[in-house]
Amino acid sequence: MPAPQPPVRHAMTTSSSPTHAGVDIARIDDADRSRFRIENGWSYGFPRLVEWRDVDGFRHANHTAFLLWFEAARNRYLEAVGLPRLSADTPGPVMMTLEARYLQPLAYHDQIFVTARVRSMRRTSFIMEYAAWSEAGCHATCTAVLVLMINATGEKVAIPEAVRAAIRTLDAPVEEGSPPDGSGQPRAGEERR
Amino acid sequence: MPAPQPPVRHAMTTSSSPTHAGVDIARIDDADRSRFRIENGWSYGFPRLVEWRDVDGFRHANHTAFLLWFEAARNRYLEAVGLPRLSADTPGPVMMTLEARYLQPLAYHDQIFVTARVRSMRRTSFIMEYAAWSEAGCHATCTAVLVLMINATGEKVAIPEAVRAAIRTLDAPVEEGSPPDGSGQPRAGEERR
Amino acid sequence: MPAPQPPVRHAMTTSSSPTHAGVDIARIDDADRSRFRIENGWSYGFPRLVEWRDVDGFRHANHTAFLLWFEAARNRYLEAVGLPRLSADTPGPVMMTLEARYLQPLAYHDQIFVTARVRSMRRTSFIMEYAAWSEAGCHATCTAVLVLMINATGEKVAIPEAVRAAIRTLDAPVEEGSPPDGSGQPRAGEERR
Amino acid sequence: MPAPQPPVRHAMTTSSSPTHAGVDIARIDDADRSRFRIENGWSYGFPRLVEWRDVDGFRHANHTAFLLWFEAARNRYLEAVGLPRLSADTPGPVMMTLEARYLQPLAYHDQIFVTARVRSMRRTSFIMEYAAWSEAGCHATCTAVLVLMINATGEKVAIPEAVRAAIRTLDAPVEEGSPPDGSGQPRAGEERR
């Protein structure tokens, strides 16, 4: 008799109670926050399984698997706040820098929860953070500096105001150097964006 | 104002009404069957998104992305019918042959549904079929001949009776050459398994 | 004292003696043919390493890794015979069907040799075969039916005569249904292409 | 008539003049250093092609493709300096942190050169740096903090003296906290390793 499987939860569910009109937002609910020990300060995310394609010869999720989950979370977050679906001709995120910290390994078919948030926004660039959680807590965190760009031309694009507004309904990002007052103090290394 | 997102459904939900005691089976429900135009004859599957990691420079899902989705479906199916989680020391599937047929391309962030079924079983080998569906119908089908093997030793293992029984609750596989009567007629090319 | 490493050969070398004017063709040389036990009938290929990204939790090359090597071989072959570098707006191969046969596993950092050839050509479609070899012989073979297509529009394109001629310098493909005489006998399942 | 291909160089060649007895070291030669504009301070690396599997829907190498090339470079470097081939039961690198900086995009079939070096060593941990180069200069750099560990047990292992010696023949790493004098000044954040 096959052993009972632990209940595998919906991986790509989205909130049934969006807080922003028209935006289908994968807000973290209390059950997931508790089960996956997700810290306050994260609002957006969704569960997924560690799949066979994610593990390497050490039978742990490869370090790049985390980054692909974070990429998926980034793309869904940005679509949820109103950026068009990624294409060559529309504004999309281009990665400038990436920092990742690996805290605990993940094994094949571990049930995880991936979270994403915007930490700060400038005119055309923004900083996102990501984390991967299981019932054992946080497994990895990541910070990326991204620039909004028309991929086909390389032209930088200002983050649309509607997108900024939708991001504010999820997170409380620092907004640096925003017009009109331009008073934001750029951090080291971000001057050019 | 961000445009409304189409509702993205749960990708890894499993049935709330398992038909086999203790087995958490991702049975296809009527709503999904209708939405994704899934033919009768498929009982098991789950929705997922075409992610950025799945698409190549043609902005379509790469031909290997389909096979990775089918691998994920195979692994979840086999775990659902009672095989242990994949490891080096327990019986797991090893692929002998693969045939895939690509019918329609899939684009980034298309919502799809992946199905899996067992078509036939012999003593240690079995044939599985897979398909990928969207609201536009079937995009690809695949057939794989697999052998159950202890990966660390290469030893072939008979499909356990409890696993056979659980598979029968999902699919109606041809069972060839099963003991004790051994009356099954092997197909060409399957004699050795 | 570190142990001596086996000599790892150049993976992407191409022939220094192209047989077709202007085409830089990775013809298999006698040393590789002997070392990797490559059968006659294969003219084109190149060595590569099984990398960490290619192996899965069984510590063998995943079944899709072989297909990605074959994809790389296909792309280099087609570029060598004169197709433009893959892009959305130029004729490129689109896979219709795939058949793979897995014969022996490959382990991490095994030195392999990947071969490709064209078996037959029709007006817009062609059949390619691939194989992966090591010093232990053949590990996998694959056959793919491909159609030449402008990816952006889906328009089928006739294989250019110069490309056909370059393919003939490498392989001896059956040429079916070629204009003007149309005498080629299509095989079952290839009628439409 | 197919256009002439640019000469695609050997991707996995290793030096024919190893500087350390028994170590097969992919030392960068002068021709590659000049062609790929590789800065002094890098001794080890090898060329490779940007393959179709490396590019995403923007037709540029995905940010994780760079990291997989760096992983391949790390593994070959460490094997060259005498660490055993990666396995569960032998000392292998486990990534703690990763920092990447993306400078210029890379396109499909760009010919690149990937370099690796050890910047510093402690008892069981070390810091490696990586870079990807083309004829247009440097495209990305990366720094990783790695710990040498028996993967199956999680046990940290001191970097063997012979490996340290071989690394010194390639690079001039800072050696912090090494026995017996222990005079190395740990940097912030590295105290525990």
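Chains: A, B, C and D, in written order; residue numbering restarts at 1 for each.
We take it that a residue touches a chain if its C-beta (ideal position, glycine included) is under 8 Å from a C-beta of that chain, and two chains touch if they have at least 3 such contacts.
In this text, all values refer to a predicted model and were calculated from it rather than measured experimentally.
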item	value
Intersection of the contact lists for subunit A and subunit B	C, D
A-C compared against A-D, more contacting pairs	A-D
Gap in Å, rounded to a whole number, between the CA centres of subunit D and subunit A	28
Cα-centroid distance, subunit A relative to subunit C, in whole angstrom	38
Residues within subunit D bordering two or more other chains	52-53, 57, 59, 64, 68, 71, 86-87, 108
Chain contact topology (line, ring, star, complete or other)	complete
Residue ranges of subunit C in contact with subunit B within the complex	57-60, 63-64, 67-68, 71, 86-88, 92, 94-102, 151
Subunit A-facing residues of subunit C, complex	52-53, 55-57, 59, 62, 64, 108
List of subunit D residues in touch with subunit C within their complex	1-14, 20-24, 47-49, 51-53, 59, 68, 71-72, 75-76, 79-82, 85-87, 108-109, 162-163, 166
